[in-house]
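See structure below.
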Amino acid sequence: MKKYRVGILGATGTVGQRFIQLLQGHPQFEISALAASDRSAGKTYAEACAWKLTGVIPENVRDIEVTPIEPPIDCDIVFSSLPSSVARETEEAFARAGFPVISNSSSYRMDADVPLLIPEINADHLGLIDIQRQKRGFGKGFIVTNPNCAVVSFAPPLAALHRKFGIESVVVTTMQAISGAGYPGVSSMDITDNVLPYIAGEEPKVEIEAQKILGTFSDGSIQKADFDVSAQCFRVHVLDGHTASVRVDLRETATLEDVVAAMKTFPSLKLHSSPEVFIDVTEEPSRPQPRLDRDNGNGMTISVGRVFPDNVFDYRFVALSHNTVRGAAGSAILNAELLIDRGVI
Amino acid sequence: MKKYRVGILGATGTVGQRFIQLLQGHPQFEISALAASDRSAGKTYAEACAWKLTGVIPENVRDIEVTPIEPPIDCDIVFSSLPSSVARETEEAFARAGFPVISNSSSYRMDADVPLLIPEINADHLGLIDIQRQKRGFGKGFIVTNPNCAVVSFAPPLAALHRKFGIESVVVTTMQAISGAGYPGVSSMDITDNVLPYIAGEEPKVEIEAQKILGTFSDGSIQKADFDVSAQCFRVHVLDGHTASVRVDLRETATLEDVVAAMKTFPSLKLHSSPEVFIDVTEEPSRPQPRLDRDNGNGMTISVGRVFPDNVFDYRFVALSHNTVRGAAGSAILNAELLIDRGVI
Amino acid sequence: MKKYRVGILGATGTVGQRFIQLLQGHPQFEISALAASDRSAGKTYAEACAWKLTGVIPENVRDIEVTPIEPPIDCDIVFSSLPSSVARETEEAFARAGFPVISNSSSYRMDADVPLLIPEINADHLGLIDIQRQKRGFGKGFIVTNPNCAVVSFAPPLAALHRKFGIESVVVTTMQAISGAGYPGVSSMDITDNVLPYIAGEEPKVEIEAQKILGTFSDGSIQKADFDVSAQCFRVHVLDGHTASVRVDLRETATLEDVVAAMKTFPSLKLHSSPEVFIDVTEEPSRPQPRLDRDNGNGMTISVGRVFPDNVFDYRFVALSHNTVRGAAGSAILNAELLIDRGVI
Amino acid sequence: MKKYRVGILGATGTVGQRFIQLLQGHPQFEISALAASDRSAGKTYAEACAWKLTGVIPENVRDIEVTPIEPPIDCDIVFSSLPSSVARETEEAFARAGFPVISNSSSYRMDADVPLLIPEINADHLGLIDIQRQKRGFGKGFIVTNPNCAVVSFAPPLAALHRKFGIESVVVTTMQAISGAGYPGVSSMDITDNVLPYIAGEEPKVEIEAQKILGTFSDGSIQKADFDVSAQCFRVHVLDGHTASVRVDLRETATLEDVVAAMKTFPSLKLHSSPEVFIDVTEEPSRPQPRLDRDNGNGMTISVGRVFPDNVFDYRFVALSHNTVRGAAGSAILNAELLIDRGVI
């Protein structure tokens, strides 16, 4: 199989490192370029990067010379994990230079002509790419995005319910892992023996992204799903794995069995990084737990538990996903696999 | 001032230790009896107790001989922090033997003739005591209770809103401290780098206790407040301090300023353990936090923050209280102070 | 290849679970029997076990019926992770019944006729088995042991130095992970925001086991290595991975390069669970770290760093190993592989 | 009593905040000036400071306007908690401008004419001040320092032994709290489920400062104590409280009782911040522990436990002190009290 040569923007950061880790031994991709801030450019990756994942820097990237974050770089596909402060301008420059930009940044997620993808849910939103190319004059380049890491933890079970029963409203309280803030990110003085009730900018992102992801693509645009979302977002002392406490009102009546079945039977895809089970629903009373379940399906499965009727809403449940795999680098890689599978790349 | 002699049932446990700590230097109470399981009875408190609070066992209790948990014990007032498995029978025995039993256990909280007290909110529920004595043939003994530690964190701001605007429904997600499970309680293998989505029996307690606390006493019984409550309860890696993420629908229209003012102006009492401010509302975006705010008002103040309009409900906010002070021993002591102040003791 | 059928004593405990995890897909062993306390016996493993490792109970053991911990059980080889309170009597019974007992318990470690094995270091101590069989009248059964998990973290680099330069004395301070205490083990109330300066029975174990491991087998007995060992043992807030701070006085002069080379070149074996590198010495100033390095060599490599000349001793260094893999189940499995390789089984 | 007006350099940092907290209600000092980096200068303290200690910013400093860190500032005494990068030049400027500079920084600690004080141990080193003034032409200004926070945890018991029996050599392994690194300091990604084996620059500081503190002042200079010190320094997941694992060889023979008595009877002083007990020796096997014992004596007592004969050294023990109280701000305040008591200020 032909291997696509991929470049990573923001390669030394937390998500950049996760990209490198997840791409080890990938049958479709090989890493050919690593771009990072001017401070790192010119050094080898081993010199530039303070590796924070388990183990040491993989051999295949140790000696790659880090390049500045500007096009062109030596690759077929660009993965971007740039901070949102620089992502908007830089990702556009890469798209304009002809690169497929598969972004984990928040900059373009809510742009009307940019797909916000969870491949199992809304692969048809890829239809926006042609519109985007025309509107922005991008040539063969384009931008696709994956959602905020907190949204990913509960959007899949929501999609399962939305498709079968319709959704009236959703209330979610998230308990998010420290790795979501990158490195050095959250000070140990802030999170030890503590909960932080505030993550800058997070609650609005969670509230609006869900509606777009579950929206309908027709006539060249996304019609957002018309349910209300309320999100309160907390940081808790967990390394990886965002937990969401969810209540939902459905449009149609559904039994508990219907609800569980809708989640369990929501199909996964057949892409390389697709988990065997997309939504794993457990009846174990004390699951899901981030430390035990975040690696479910190599970090690509959404774990759901404690599905019960609720006193105020129709149902409640707890959902969990790995925030730097399914919620970041893994999602972007899955998006790239989807783009190849659908012939866009 | 005459000092009441108090006995503590379950004196060696986490809450028992907190009773002893909070009673140091108390102007109205002196500790005269410490009762604990048969394993401890006959030893001195210093021998029987694995002290887990900061510092060492206070001098005034070190040499007290621990007695079995059965009446009579040598005191005027009994504080009970017994596990619910034994509390029901034992507390009744003490009440029947003529002791005022001020209980932190869950056993009697929902009994129709037992006050479930937060003194600032429902001191008039003390009217149940006479009815209780008659019904149960208790003589001068009686039982009063304080709420579940998770309920205490959000019932006060709720009471403030209930009194002014009425409440239609409430949705709460709690993030509870490990000390709530006692000692040894939560295994470090379970909570390190983790969140537990299940606390046995907690969600129903939280859902029903709030309605009783905010209920109305008339014609010799409590009419429960008629709003719906939904609770999802989580254990997070925090030593002390339960955090609640709350949404609420009001019966009457209220502006954000109204809502904040209702909370801020809800009066504290003038009892010895009363905090100067009962509900402390902050506009600081990243507060309240358990580590920084649990000791607010010596652990007796409810800290509230992030009060905002909500997409699905009328309002949302975050509330926090110290679960072993305001949520347990401190509440019980405040109840005792109230009983003296109102002439019941 | 013929697969040996193995039974696990104490199968529901922390180390028992690790045995099951590490034996997944093992080419030489298949699990045929799981024994646990009377409380568990008769249930399926899935019913009896509160699984605490990442993920869920492996399919191949879910439905095995747990048997009581008494011989015979249906297997060729017995792995024992029994608590020391019951290990002595039970392991003897299994050995007497003809089973090779490969024990992680401390009960027999210091018995003169029982090998205390780190295969890379003292495989020749297997010569004790014949003596043991004769002395105890065991028939074909026997007992071999692996060291205390704290000893394993620093005995390998010590062995490297001992072999080349001789050792005069060793001072070690350990910082041990909570998983070393099993489950529920260390209360979260004890270890959160804390260090525990005491682990019951640990310091003497660490001090005496090192001398036996590095001892010489001749004339049918082990001559202990004649250096002094001082150990202070602490529990720190780490899930897995024991860290040891070590100072050592050598008998012969050695340069820093000599010391590092002795460690780096100490050979690994060619057994299935042998790591490629036995002792991995890093010059990275802030390594080894338990979270990043405990899985080095699938948890079977010893990671060493910060090797420097010392003001009081000749050299100092930091050593780290995975306490439930190399320090427990992984060591026992390696011992079994060694026994097969040497034809003892 | 006349109150001295004090200024704090580096007032917004972790130690600066601790100064403010410890000076609340101090009978001899009132805060009159707060100096911080240019970024903060001109703002009120409440605007400039991200308060990280329990509770909220004290009323008496909220509205003080932060000044730049250059002399003169409006005060009688200067407390400095400047980072060492700027401390050397700045502290000299303040001393030259006539201010007594009581510094927590490492810059001048090892200068031959600057006292490195633990008041209970070496108050006579104040004799260096006159020499310092002459040598540097300081006029009435001068600089005194307190030791590195890790040294403070074990230097007091060492001083007790040194004075009675003489010391040959000392080996110490420290387990240091995260607050020692300031704020934001240690990333939560680094310390969660982890131990860090390296603190930049710490080991040499610990090794040399102990010798100066226990040195002898005569003929206008300090003769360093002539024992060898070996230090390995680790960061562990503790908020406050440095723990030291210590072995010591004495020059004279001493029984265990002698050793314990020497520590227990080492006198405290009668200064305002002096603890009643300077060195608190416990026989409790599992103490001292940072969370339970760091506040011993309001954070000014050194807690010692696990004093035992050692296999390699004469004795071993565990020592603990509060690193931002006795190890930083509290020490500096005690130094100021000493300077007043001895008539230097």
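By written order: A, B, C and D. Residues from 1 in each chain.
Operating definition for what follows: a residue touches a chain if its C-beta (ideal position, glycine included) is under 8 Å from a C-beta of that chain, and two chains touch if they have at least 3 such contacts.
Just so it is clear, the model here is predicted, and its values are computed rather than measured.
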item: Chains in simultaneous contact with chain C and chain D; value: A, B
item: Identity of the chain that, by mean CA position, is farthest from chain D; value: A
item: Approximate Å spacing (C-alpha centroids) for the pair chain B, chain D; value: 40
item: Between chain D and chain A, distance of the C-alpha-averaged centres to the nearest whole Å; value: 47
item: Residues of chain D whose C-beta touches two or more other chains; value: 52, 192-193, 237, 239, 291-292
item: Of all residues in chain A, those that touch chain B in their complex; value: 169-171, 173, 175, 192-198, 207, 228-230, 232, 234, 236-239, 243, 245, 247, 285-292, 305-306, 310-313, 316, 318
item: Contact set on chain D toward chain A in their complex; value: 14, 52, 178-179, 183-193, 237, 239
item: Complex contacts: residues of chain C adjacent to chain A; value: 52-55, 192-193, 291-293, 295-296
